[in-house]
């Protein structure tokens, strides 16, 4: 069944295999009149590009995006926006061997089980390159949201056991860290740990946090299409993610109601509905809030935004492709030892930051558009009736 | 926008407010020929019914389900199955006061922001009673899955700081614990902690684990409709859930690739594709596996089932309705102190166990049906062409 | 697969069999703040009720609707509206015989082929009673549209060979005709023909026209979700419909471009965007227009409304249940002669008028809501950003 | 809102403007293991290509398709199939003038009303070139269906007032007629009429018939996703279509039940479930049937296929772009006279034949896949449980 589309109104459909001719995305339902060009998209794609630092694969993927439709005279037209990135630098030979066996931690076995065979070159459709389409589409959502005063900001919160101190996190530092870790001390320690791990032919995992500010209250549909539920799907659908949480997340399990409840404080909602902030956490490391005493809820109540900053966190597993010898089975079911060749990221997390940002932006923009039809009085006003 | 439906092929649509005339669900796309009657559904509903023990609200909700359509001569007909539970014992007066203010941790504020007003009686649509429809629908999915050798089993894994020891978990013990906690020692300690919390007019949170066995390899659609992503949405859409994880979940962030990768072991997949097991974890507390050396992946690779047991965990926040005095704002934006009256659960988790089970069953059955169209050779065989 | 839902934003899901306990519909995605009560719905249901005149079945179906959710203090709340009509006066015995054979023109054979068995009582799910849910949902769409100056009006345009003269059609006459035929002379002749057909134990077909006025320009989504394409599906999904056309419809096949093209005349669009009219056709029988010299297009260009009156027509086959002896096969494949008992409509068309109206209203309201997200400048304005 | 996708399981999303860089389609949910290459697709595209005869535009559109993803080693992989056709020979200057006014019969006015501006070059998104994506996707559906013994065949049934005699229609003659009109006498007369019309700087309309044979009984979902309703949407979504009918279509309006009902004859369904036939109509011009005495129903009962040949007909309006002087308004609302330049088809119908075929094939294949989940016993058998 079709599974390569996401979103209801602002709807993206990605396509492409890592070693096919190209990778791309079609964005349907994008409103007309958003300023758009290839430079805007490219800036986001460059943040997921490999080869940015010593911790990402040294493949020289050019990843130049081309807009094929849906933009006219510098603006979106309301019709589908098709974007393409041609695949280059394909060392397909590196992968010929893996056709015969199932790499641990990869989707080789399950794709064969599902489809009877697979495009084994570089992971095919299950490759991380699939996220190129997500980021290109996310760039459009992000551009639209920004024009409304809504900011979506992701960063590396943890690599292995090295965590950012939340009170030290400053937005301006994200891009200062080669691994997008805005507590710059933690960033240094994480890079040392990564050097160590790589030397041992191993890989590391981590956590990406994403904060969304300026979302008006009322975004998210009750019951199944809640903002948090949709964010959970959006983020869990990224290749290596094994956990997602909102606000205080798993910590709530051990809290009392009196500790976890956020009391409403009566601050004017309108003043903070669209705001740019340099820090997301206060001096106690608590997520900031404008309308509540605390923000354990992470800006979402009953699945609907409350106008406070939204926090979503995602746990990424360590890159499954490691140089160390591993045991597995081949297609005949025989036990074999393998050494995965090719150039692989010793950690996925830094390159995944912009992917999380993209999925969050797509989700928020789609549900923001959905929320326009929730009140009859506003609908009549919209049509001047 | 419509947000009360879930699933693509096996599609459920819930409706109803906690103090309206009734609560219900329509299940569309259910295959014909499943044995079904009201007793089967009722058995599941009884597990979420309040008043089962001292830790759930003492409201005497009868919650008797009636099947209105889609079943003929004891079998599903393939047409929509409409199920209804009439609301009784509605102390609507208890709620008249809350119309004027916003309870902390509840959706009062966000519903008003979204819709301009709300059915304030007992939480209205955002009440936990909405899950009645999920459980009634889940009972059908569960019945269908069981007939195929697929078992979905949820239980209380943690209440506050009291956690089950995984190696002590036995399936047979789940129903022996009044709070569905299959490590019976932990269950005792958790009940003590709940007594203590209630005495302090407070509430507690916890974690529900759900294990799914017997799912054939190949279930889940690549990219956005991955099995894990869809489970994440399914479970995060339950009222008080703030985090979801698959397999090792957030622990993977601090693991090395060599630790986290599960090596394929060459065991025959067919033998274990449908199996009933009494324990889900081995003597080391590790999730069991039949085809891999370990099962950190939780039975899902690349978003597709690998035939091993699937583990999904959900963090529930403490019940927001507490008897303790709290501060909040009223509709005029004035700061006020409130004491929430009415009968409320000191902990949501035990009653939520069957809700998690239901959402997992609906997700797995829907994606199982989806997976039937993934191979042309099997399609031809199906139609005898 | 689920097939009982229609609409994307304003989404209806019908359920129920003709001789089950009840028939109903859930409307999800209905905006909050529409005045609604059971009387409003009932007025529409009464127009499809049997026993209104001598040309409809004399079964005394009460068909009293009950609203179970989604309405609070006389207004829609934005949450799902569940409506139910209990089945009464079920002469199920009349139908026991038809379990064993396949009635010509009915869905008996195809339901058995699809599901392996069927609820044979009165047609089960394929009964015309299924349209109760459509009309109840349509009443809500109609109420919302009316409040915006949009009118949806259907009527009987043809019964057998008796056609309305278009220039004689007056809106005010529709309800004056027992068969909803607004050319009252034609109405008389059609009733005579129906008497004649009934005397011969036979049935008749006909055509329903539906005119929609006041739709703003811009409603309908390019390519597949065009307004005309969606109307076609909406109307063709009604049981006995075998053809659908827009504007001049099949007549365009034999026209020249110079005849069929409607020239734009430069009239102000704003003046006529919401207007009530008493006649839909001019003295030449041509569909009226405010912005074009003619309106062969039927108010839709490129699948998008142009603000002119929209005309959709549907051809209904004669009622397949006739008293005359017919030949068919039984489940064993043996040829048999049958005489269908029970009380059946000698013509479906008059009762179908409100069904066509309902499906048209649901389609237009849903696509009107969709059209709110087509321009970024209007989105920003909506959110005050 | 997104409107460029069609189908639920086999889902196509088209993109592209007539004078943009390229036109394309993404097919998601296509089963793995279908033999596919560019030659197969190209053969279908060549049938809609302009310049095939003197009645289609003389633009030399190369329209060479390239498959970018989803095919590996000559077979579909189950992942999205992205196909692209680069636009060439764009005389964009020809269209610069039309930016300022609204062409009669075109979507210029409605696109401006909806989006605030439009890509005016050659009709942009509303151009007939958009159907390239439909045909490329349809070619895949057709290939899959053929491998199952299902044939989809469309042809020109009428041009202006020239109609095929149904009893003279032979499948083998379709390609012998330059305008795909299988009654070769009628074809000659139609071509004369077209010459005449073109000489007068005018254009003509017509009717396309499409017959589908070999569909097993049971395809189509009750209520809204009926096979006929979905076909109606599929076909009405093609640019110039103004009417759609199934089987006897609009003729049923004037028939008696006893005339229109098709009596079941007890022929074995299995024998004819997949069959190739050279003629679709018998010597009386009646649609053939294997299981009924007649086939006025057009192979569909209650929205579900009955295994008999399916007939769907579509009325196409005359090409709106004509060389004759026409009156219209410009953007300022001023009345002006225009002469449309550029090269345009004097009739759309022949090039639309393969488009109707494509939409029908996509619909049937999608609903065929859907029908696999309608019975629990067959589901268990499928999974060997």
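For reference, chains read A, B, C and D in written order, and residue numbers begin at 1 within each chain.
The rule is simple: a contact is a pair of C-beta atoms (placed from the backbone, for glycine too) under 8 Å apart; a residue touches a chain by one contact, two chains touch by 3 or more.
Treat the numbers as computed from the prediction; the structure is a model and nothing was measured.
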| item | value |
| --- | --- |
| From chain D, the most remote chain by mean C-alpha position | B |
| Chain pair, A-D or A-B, that carries the greater number of C-beta contacts | A-B |
| Rounded Å distance between chain A and chain D, as computed from the means of their C-alpha atoms | 39 |
| Centre-to-centre distance between chain C and chain A (centres being mean Cα positions), rounded to whole Å | 45 |
| Distance between chain centroids, defined by C-alpha means - chain A, chain B (Å) | 26 |
| Touching two or more other chains - residues of chain A | 1-5, 8-9, 14, 29, 32-33, 78-79, 114-116, 125, 216, 222, 370, 373-375, 377 |
| Contacting residues of chain D [partner chain C, same complex] | 1-6, 8-9, 14, 102, 104-107, 109-111, 113-116, 125-126, 130, 158, 160-161, 197, 200, 202-207, 216-218, 220-226, 228-237, 239, 242-266, 268-269, 292-293, 296-298, 300-307, 315-322, 324, 326-329, 333-335, 370-371, 373-375, 377 |
| Chain B residues within the chain D interface of the complex | 8-9, 29, 31-34, 76, 78-79, 144, 147-149, 216, 222, 274, 368-370, 372-380, 382-383, 385 |
| Residue ranges of chain B in contact with chain C within the complex | 1-5, 7-11, 13-17, 20-24, 26, 28-29, 32-33, 66, 68-70, 72-73, 75, 77-82, 84, 114-119, 124-125 |
